[in-house]
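These notes concern the structure reproduced below.
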Amino acid sequence: MSIEVKNITKVFGTYTALNDVSLEIKTGELVALLGPSGSGKTTLLRVIAGLEHPDQGSIVFHGNETTHIHTSERNVGFVFQHYALFRHMTVFENVAFGLRVRPNSTRPPEAQIVERVMKLLKLVQLEMLAKRYPSQISGGQRQRVALARALAVEPQVLLLDEPFGALDAKVRKELRTWLRRLHDEISVTTVLVTHDQEEALEVADRVVVMNRAKIEQIGTPEEVYMHPASPFIYDFLGNVNLFHGRVSDGKLIIGNMALSLPGTHQPMENAKVFIRPHALDLAHSANGVDQLKARIMHINPAGPLVRVELKSESSDVIQVELSQERYQELAIKRGDEVYVTPRQLKIFTDDYAI
Amino acid sequence: MLLKERSILPGFTLTLGFTLVYLSLIVLIPLSAIFLKTTQGTWEHFWGTITSPRVIASYKLSFVASFIAASINLVFGLLVAWVLVRYSFPGKRLIDSLVDLPFALPTAVAGIALTALYAPNGWIGKPMASLGIKTAFSPLGIVIALTFIGLPFVVRTVQPVLQDLELETEEAAASLGANRFQTFWRVILPSIGPALLTGFALAFARALGEYGSVVFISGNMPMKTEIIPLLIITKLEQYDYTGATAIAVVTLVISFLMLLIINLLQWWTARLKTR
Amino acid sequence: MQGGLAQRAKSGNTRTLATTEPWFVRWLLISAALLFLGFFLFLPLAIVFVEAFNKGFAAYFQSFNDPDAWSAIQLTLTAAAIAVPLNLVFGVAASWCIAKFNFIGKSVLLTLIDLPFSVSPVISGLIYVLLFGLQGWMGPWLSEHNFKVIFAVPGIVLATIFVTFPFVARELIPLMEAQGKEEEEAGLVLGASGWQVFTRITLPNIKWGLLYGVILCNARAMGEFGAVSVVSGHIRGHTNTMPLHIEILYNEYNFVAAFAVASLLALLALVTLAAKSLVEWRAQRLQDTEEGVK
């Protein structure tokens, strides 16, 4: 079921949480709302769920105007950040709740409820804990109960509010993969709110980057990571080195480095240059003016990529990621003076981007 | 609408409406009856009543006795709270529950029990009499009764604050060379200060209005051991409604003032906690 | 607003060498505290039972052969049976709108609810006399319709309702505020109606606080003296509650009977304290298990 968010504005007192936000979500998609705290992503999710009323704008579910429909009638599944499990009910009763509160006309017979609940518990691999209470199970297990509970009513839309936020890193990674597989299996339109960019990039079909009550960019994980539309996104997603320089005579000048830029460019005074750590290479000797001289301060060889931290002559800190082979090739050590070559970069100025 | 923001939870109008109606019927309208009745009389009559010697004597008595009782409870309440929080000894749980006895025991029962204890032939009254101290039927008896009913207030207000005190601040003080008394005086006491004050205010306010536990032990001698609530009842029995109301109004105003002060103290305590 | 359950302290942290007093100081303090409590708590409690059984068991039970004593007991129970449920409903309604919603004037409302707590019992009775007494506002109307409020049972019930007004609300409000509204929201999203959310989600969560408030409310309702004294007229056999009956007996120097009836109320007080401790213990255990698995 598709969701259309049309020009939603939401204000809390003097604080604007959402400022004319519009978005389209296709049926069966898994979309991530990604952004720092205060960006408005949770508010947007709650507006879609019907837990908040927008001040302006509308929500449309599959062509039907939904803005004024009460949340209990929208048939959405919502998973709260802190699970909001019913503390005095068992795991089974929690999951069965949505089915048990249905009016007599639509309520399935008890036997069918039991069957459905047990099937769901099996899906989330918790059938052994059916009789336990929320206080007796771990955080990761509670999260899966919350998910099963939301799925029990066969919602048209699944909304998850920072579902893995309160869990430790390993559990988070496992649940992430598990969620993706689950989505592939049941293909319900899903919207996920998160501030963890790794999570969003790994799990989602499309990523919506939000900042300060507005949408910055919508795109596939690759689009958003490789071709960020604004400095904010560049900085927020993934590690990045930021340099200040200027453009003149078709060259980018940072410190002592002068890089020729392909094509023609206007001169720029305050250029912000973004370079990803893996887009930089190191060399022991200079070969012209396309390089930045720097000294190696720290090497972290543990991991799939080797992280090297350097300090340039103008005291900029530079982060470089090298593959293990390249690292072995270069045979660098702490204290060495090397030359840094950018292979791919992005320049932003106040007016436009290169 | 009264609501600051629209909520999806149901029942606001229903519950608020019922709350306000019930509140008005049971509390607000009856309370306003007192103030309205007062406006019916003349100012001279009002002033004359509340400044008559007998009334002034009872104000003095009630205030002084309540103050002394609350002060006793301040010191010993802190002691009891300290002992319950910091030490363990046999029967501690039982005693902890019993601290609430003055809350749970009907005031009339407390009244006759205390009188029996402190009367000239009572368990405590007798030995005190042989020392020449009159306990029952004297202001001292009143103070004793008021101490009884105020006992839980300081203890229960200070206990949670003592519980939540960070161990590390005391350890820091000790590592800096303070002995236990200094740590108590300079570190612990200031932290529980607001709670102590709140407990004192609560005990004081309760003592001011107390009737049942005091009326038996006081002997109700005008000008000597007549507390304000008793004076009001005496006036009522003499059908002096205006007189009774006048005294009641003054007492109410003081009660509301105390309520305000206590709320401010509690708000202050809460603010200190969240800092 | 105080909340006995919401404020109930957790078990103390382990003390280290640097933060305990020398043993003799400790025992001195403990003894002083116990001495104080002994004088002010144990002795009064003890003497109630000692005096009641002063003339033996026979005399004790004889005190209850009195029909006036029985009507006093009945009246006390009736007043409590009406006041407690009414204040219970009020407490639940008030804490629902205060804890789950944000509105202007909330703090004023909270203070108003606390008012009966700060008013002297005698004045609590006086206000109803002024309202419903012969000389009161509604006095003439009432005597026209031959309906007695003051010096009759309705007045006693009203005064009892007034003095026990805040008890349940004071317990529930901090409790419900601490529990937040996420579970209710979750229930609504899952399709439950408002009533279903309240009965299936909220009520079970507040049951201990509710019980606690009811216990306190009942204890005060049955033991109220000052307010009832003013409105009752002290008519033996008709408008005397147990505390008033005790007063009459005592003033007639009928000590054994007075203390015998008092012993019933003292027993009620002890039961109240025990029930209170039980509820607190259960609530604390619940909180501990919730915090234990985090």
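We just call them A, B and C in the order they show up, numbering each chain from 1.
By our rule, a contact is a pair of C-beta atoms (placed from the backbone, for glycine too) under 8 Å apart; a residue touches a chain by one contact, two chains touch by 3 or more.
Note that the coordinates shown come from a computational prediction; the quantities given were computed from them, not determined experimentally.
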item: Category of the chain touch graph - line, ring, star, complete, other; value: complete
item: Most centrally placed chain, judged by C-alpha centres; value: C
item: Cα-centroid distance, chain A relative to chain B, in whole angstrom; value: 57
item: Centre-of-Cα separation between chain C and chain A, whole angstrom; value: 54
item: Interchain centroid distance [CA atoms averaged], chain B/chain C, Å; value: 16
item: Chain C, residues touching no fewer than two other chains; value: 185, 188, 193
item: Touching two or more other chains - residues of chain A; value: 50-51, 70-71
item: Residue list for chain B, restricted to those that touch at least two other chains; value: 4-5, 8
item: Footprint of chain B on chain A - complex, ascending; value: 12-13, 50-51, 53, 70-71
item: Residue ranges of chain C touching chain B (in the complex, touch as defined); value: 7-10, 12-13, 15-16, 18-22, 25-26, 29-30, 32-34, 36-37, 39-45, 47-48, 51, 90, 93-94, 96-97, 100-105, 109, 111-123, 126-131, 133, 135-137, 158, 161-162, 165, 181, 184-185, 188, 193-194, 197-198, 216, 219, 222-226, 229-230, 242-244, 246-247, 250, 255, 258-259, 262, 265-266, 269-270, 272-274, 276-277
item: Chain A partner contacts - residues on chain C that touch it in the complex; value: 182-183, 185-193, 196, 200-201, 204-205, 286, 289-290, 292-294
item: Of all residues in chain B, those that touch chain A in their complex; value: 4-6, 8
item: Footprint of chain C on chain B - complex, ascending; value: 2-5, 7-12, 14-16, 18-19, 22-23, 26-31, 33-34, 37, 76, 79-80, 82-87, 89, 93, 95, 97-114, 116-117, 122-124, 147-148, 151, 159-160, 163-164, 167, 170-171, 174-175, 180, 183, 205, 208-212, 216, 228-230, 232-233, 236, 241, 244-245, 248, 251-252, 255-256, 258-260, 262-263
